[in-house]
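In structure tokens below, several structures.
Two complexes are shown next, each including subunit A; its partner changes from subunit B in the first to subunit C in the second.
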Partner chain A sequence: MTTEVIEAARPAVRRLRRKAGEGIGLNSAAGHLVMVLLSLFCLFPVYWMVVTSLRPANAIFETSLWPTALSLDNYAYALNAIPIVRMLLNTLVISVVVTVIQLMTGLLAAYAFARWRFPFDKLIYAGVALTWLVPFQVVMIPNYLLVAQLGLLDSLTALILPHFASALAILLLAQSMRSFPREVIEAARMDGARSWRILWEVMTPNLRGTIASLAILIFISTWNEYFWPLLLSRTAENSVVQIGIQMFMTSEGNAWGPLMAASTMASLPILVVYIVLQRQVVQSFMKSGIR
Partner chain B sequence: MHRKAFLAGAFALLAAGPAIAQAIPATVDQPVTITFYNYNLASAGIGAEATKKLVAEFMAANPNITVEGVPYSSADASRIQADLAAGLPVDLVQTVFSDLDFAVENFGAKALEDLVPADELAAHFEGMSPNGLKLGVLNGKTYGLAYTFSTPVLFYNADLFRAAGLDPDQPPKTWDAVKTAALSIKEKTGAMGFTGGIIGPGAADWLFQGVVRSNNGEVISRDRKTLKFAEPEAVEAVQMLRDLADAGAYENMDFNGALENMAAGKLAMYLQTSALQAGLVAGAKDKYELRASTMPSFGDKPTRPNNSGSALTIHTADPIKQRAAWELMKFLTSKHGYTVITSEIGYLPLRTDIVTDPQYLAGWVAEHPLVQPNLEQLSRLEPWDPMPGPNYRQIVKTMMDAVEMAVFGGADVQPTLADAAANAQALMP
Partner chain C sequence: MAELSMSRREASTLRLRRAGNWRVSPWLYLAPAILTLVVWIYWPLLDAVRLSFFQWNMLPTSPQKFVGWENYARILALPKFWQALRNTGLYVLGLLPLAVLVPLALAIYTHDLPARSRNIYRAIIFVPMIIAPVVAAAVWRWLLDPGYGMVNTGITWLGFDPVKFLTDPKVAIWTVIVITGWKLIGFSTLILSAANANINPSLVEAARMDGASKWEIIRDVRLPLLSSSILFLVMMTILLGAQWSFTYINVLTGGGPLGATTNIYYLLWDFGFSSMSVGWSSASAVILFLGFGAIAFFLFKLIDRYSFHDN
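For the complex of A and B:
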């Protein structure tokens, strides 16, 4: 009886499976189509930036997808008008140094919050979290006055100094350390390891995924920093590439060609970071939320 | 006794004040460094190149004076505020005319009459346009000398005029004519008729002030205590713009949109500062014939254009630096200085006699006919009134937002302007 029922049901099951398969195929095609369209939507501004940078001045507002006449004049002008290589180098140095320093201070502070109990620890932790909510513009002028008193105006040091510690780094690393298996730490402690060794030899190597994600976030965020360098830098030689790009926006009109050429050159390092560390970049945004 | 002596001393000091203020040395006979806060230096365009060139020439001619150019953003002047708060020297500033009141009240801009001996000042002012000199006057004293400034110019695409059967040699001189031409061009060519930098994103209030003035109104009273942009003349001016917009003659687009469409040959007329001339010429090159005319009038009322741009203001309290700053100011506003500013950036010369002088601008003017309307309007030039008090930017924003709502937002003109005027009046000092 049971066998008969199963045999009778087989064609119906096959039909259902076929239908489901068709559904998956259609859904998959539609999904891919949406993703392709979204990708084009995201890539188009980048494409337009590159294409515009290759158009001559009198064709800068043309809407053809490919320039009728290719020109590298905008790149030559941008390279002549501002010290863009120096600015790119400055931006790179600042981004790397800030990333390393924020990771270091973040790891130390996060370890303290995650592993130790001390008076007012929760209050201090909440205080650190609250600093995340204070926009940089609010502390920009007091920071500026401090930097001026230190005689560090118009220097790369001053561009780095206010970014020694980051609430994001501390909070993200503290959360990761809290979920780190206690047994591993206890085992290390039984082997005679103290906090310093536990942090650097046990926890840090095991948190490298989180640290890599955080490093990418800090690097990109520092690379794109605008307001602080705008206030602080007094010479193009001591400034960053974001200010260099803005220099093509003038009260006499925007020089779109050189601006797009400078933007293309400024995007290249970040593009390389994306291409090389694509998986980690996506993970970092998923872990911390898009900032 | 002690009290009396103190009061006498204080009185003597006060009485000596103006004398001390005027005691700038006759020359700079020792090395001195002055800072020159300049918003052109914050850019990489023609303005920065011309500024650097002039400063280099000045330093070569004045070996005792070193000029440290400090770029700043004129959008908020936060660097000047921060540097003053940090006790850094702010000696000479390129001040946007709308910031002049704030510069005097908060940044310590000095009146030239209080610094420079009267005969020396008169000698330098000789040959300058009297209307141009008034631009930097506030409360009866000259705080700024017009440096980079211009008037509203109606740029137009002569090819589109021809395509619409209009005579490009007879550009519209009145707002009615602008409307007729714009609608005709729109109908016959499909191109857009007219837009202006009067309102909308990126527009300051200078051009709006000129439009209202040209209808014999004003946005603020002469005693600078009462806002008047909701008075009948101003309302009528805004209503005219609204009618243009409602008729489809006035396109609602921002600064970049207008430039883009002019360069693409899709916009027939654009009322803007002459400072954009170089960019517009580059966009039109090999594509269409770009011409320029004076700003349109309300019927037969003469236009009363006012200026955009900046003045030079001295802020330092140190007499030797004041002299150095004054020397730089004199150089930048000399015949040679204005020749560079006009021919290399596109602004107006405050010294009108150099326009016909072959040693200075005569050759350049002959080759650049687009500058003619700008020069023609110099004889009718009126100041861009700066709003008073610490809330001056909010006052301007309140006014400009209301005008935009009235012209493009569909709001009733009179009540919208009246509401805004009441709100903005509360922000006045």
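For the complex of A and C:
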């Protein structure tokens, strides 16, 4: 009897509670406030970089939140001080080449894992995954020595070579290939397709989504890479834009306007990619993060 | 009948080819990737172990002298090494709130915001993640400049003394930690928001019907269901946290003042490419790698145990 009453009262209680929950109006205002503050924290430095880069030289130290007068002098100064266009081109070439090669080797290796059982396959798969655990600083000296032996110090080739394959690409692609319906592969094989054709004509077109998000991820992280170029670069002409900024900072110290102009130029390509493909960029980072 | 025998013959050639594939094909497909990983990661790893027993200054002309365990003994006796180790711990501890706790609170707190505005916030707070670390370092150096930087302008405007963010030994490490956290906070928030949004609403609803309070729902429903994502982020922070800060240390403080911002990764670089002491760098690399591996192993075990909540 009493339980029946309670059961009957439940919807009413729930309605009541939901009404109390309509304090959610205030709650979500507070939620917005928190998110706006976080957004400011995240975005302001980038905004300030662009604003500073656009101020005329005599107004660098102004603290107005937007530039009172616009000038491109800082950009001209930065372009004169370091070969930034050359470095941007170098960075672009390296990023594109690394992205393409890493996708290739990733597709090939992932295909081997997804398609066949072979001796030691589990062991090799684990071996690929475990490379993730080797910090670059642990292998940097042997890597450096190898590049020196090959006579490739201060060259773009050396910046690309260690990135020929990555655990991330192999594992992500292997995962999505494994979820690929086996019947389709079997059918293609019955039609006489060789494994090579199955990979490029059946699998790859169907993995477009994963490939695209991997490409974004590899491109951005190669573009932003700093440590390996730092070890190898001797001259600005043979280096990437990240090193250019570092060189600029050491040589020109506190020339804030031009430094911000150089930084803006170095970030612009990535920011443009981000603005155009925002949703895909965020998704590809999250996919790799969630695993 | 003829058809049948045909298909049987086809089947046998197919089987034959497959038998051939069993041996060669996978290896051909794997070759480029395996070769790269062996040449640039596994062989160097072994070489680092070998070099850790030698004394050498990286000049091709000078001899490599075998010294046994001496490099290890020397490093372990070095106050600098222990300072770097302690700092590495500080980096991880300092990053945990920024990369896990605050994002967790934000993700739970903002889960009932309308989808539209959530997408806008998401787009904004992700920006630091794609900005190059060197660029971030340059911008923060400008913001934190003791004379004219925006942050110190604000601090003096409030009536306090300007803070020497990068040159005060007590403050510098926290500055580097906050900058590293700035890069990560948006990413972590998004990971946890996604995990939080994936929680089946009927579970929350059921708890609510049973009279659970808001806090009880968070503690007994949301947190356990988020535990694998949380552990994942904790693992990332512990294993990679100190590494992420390398660029900022290199560009902003150079490991100083007085080694106050040097962590173990930076020390490796310092030994190797500033002091040109290959043996010391390799010996600390081996120590780092073993410690790293042990921690990773432990964390994987932990994640394994908690991940059954996932389904």
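Please note the rule applied: the second predicted complex is superposed on the first by the 232 of 291 C-alpha atoms of A that agree within 3 Å, B and C clash if a C-alpha of one lies under 4 Å from a C-alpha of the other, contacts with A are read in each partner's own complex, and residues count from 1 in each chain.
The rule we apply is simple: a residue touches a chain if its C-beta (ideal position, glycine included) is under 8 Å from a C-beta of that chain, and two chains touch if they have at least 3 such contacts.
In this text, all values refer to a predicted model and were calculated from it rather than measured experimentally.
Undergrad: On the A-aligned overlay, A:139 touches which partner chain: subunit B = first, subunit C = second, or both, or neither?
TA: In the superposition, A:139 touches subunit C alone.
Undergrad: Applying the document's definition of touch, where does A:263 land relative to subunit B and subunit C: first, second, both, or neither?
TA: second
Undergrad: Kindly classify A:230 by the partners it touches after superposition: subunit B alone (first), subunit C alone (second), both, or neither?
TA: both
Undergrad: A:123 contacts which: subunit B (first), subunit C (second), both, neither?
TA: neither
Undergrad: Pick one for A:61: touches subunit B only (first), subunit C only (second), both, or neither.
TA: Touch status of A:61: both partners.
Undergrad: Of the two partner chains, subunit B (first) and subunit C (second), which one does A:255 touch, if any: first, second, both, or neither?
TA: It touches subunit B, and subunit C stays clear.
Undergrad: Given the superposition on chain A, which partner contacts more residues in subunit A: subunit B or subunit C?
TA: Higher number of touched subunit A residues: C.
Undergrad: In the overlay, answer first, second, both or neither for which of subunit B and subunit C A:112 touches.
TA: So A:112 only meets subunit C here.
Undergrad: Please write out, lowest number first, the residues of subunit A touched by both subunit B and subunit C across the two complexes.
TA: Of subunit A, residues 60-61, 63, 141, 145, 148, 230-231, 249, 254 contact subunit B in one complex and subunit C in the other.
Undergrad: Which subunit B residues qualify as touching subunit A in the complex?
TA: For subunit B paired with subunit A, touching residues are 39-40, 42-48, 70-71, 73-74, 78-79, 81-83, 85-88, 256, 259-261, 263-264, 275-276, 278-280, 282-287, 345-346.
Undergrad: Looking at the complex, which residues from subunit A come into contact with subunit B?
TA: By the definition above, subunit A touches subunit B via 57-58, 60-63, 81-82, 141, 144-145, 148-149, 153, 230-231, 234, 244, 247-255, 258.
Undergrad: Can you list the residues on subunit A that touch subunit C in the complex?
TA: Within the complex, subunit A contacts subunit C at residues 10, 14, 17, 24, 27-28, 31-32, 34-35, 38-39, 41-43, 45-46, 48-49, 52, 60-61, 63, 104-106, 108-109, 111-113, 115-116, 118, 121, 124, 127-128, 131, 133-143, 145-146, 148, 161-162, 164-165, 167, 170, 189, 195, 220, 223-224, 226-227, 230-231, 242, 245-246, 249, 254, 256, 259-260, 262-263, 266-267, 270-271, 274, 278, 281-282, 285-286, 289-291.
Undergrad: So in the complex, which bits of subunit C are touching subunit A?
TA: 14, 21-22, 25-27, 29-30, 32-34, 36-37, 39-45, 47-48, 51, 58, 60, 106, 109-110, 112-114, 117, 121-136, 138-143, 145, 148, 150, 153, 182, 185-187, 189-191, 194-195, 208-209, 229, 232, 236, 239, 243, 246-247, 250-251, 265, 268-269, 272-273, 278, 281-282, 285-286, 288-289, 292-293, 296
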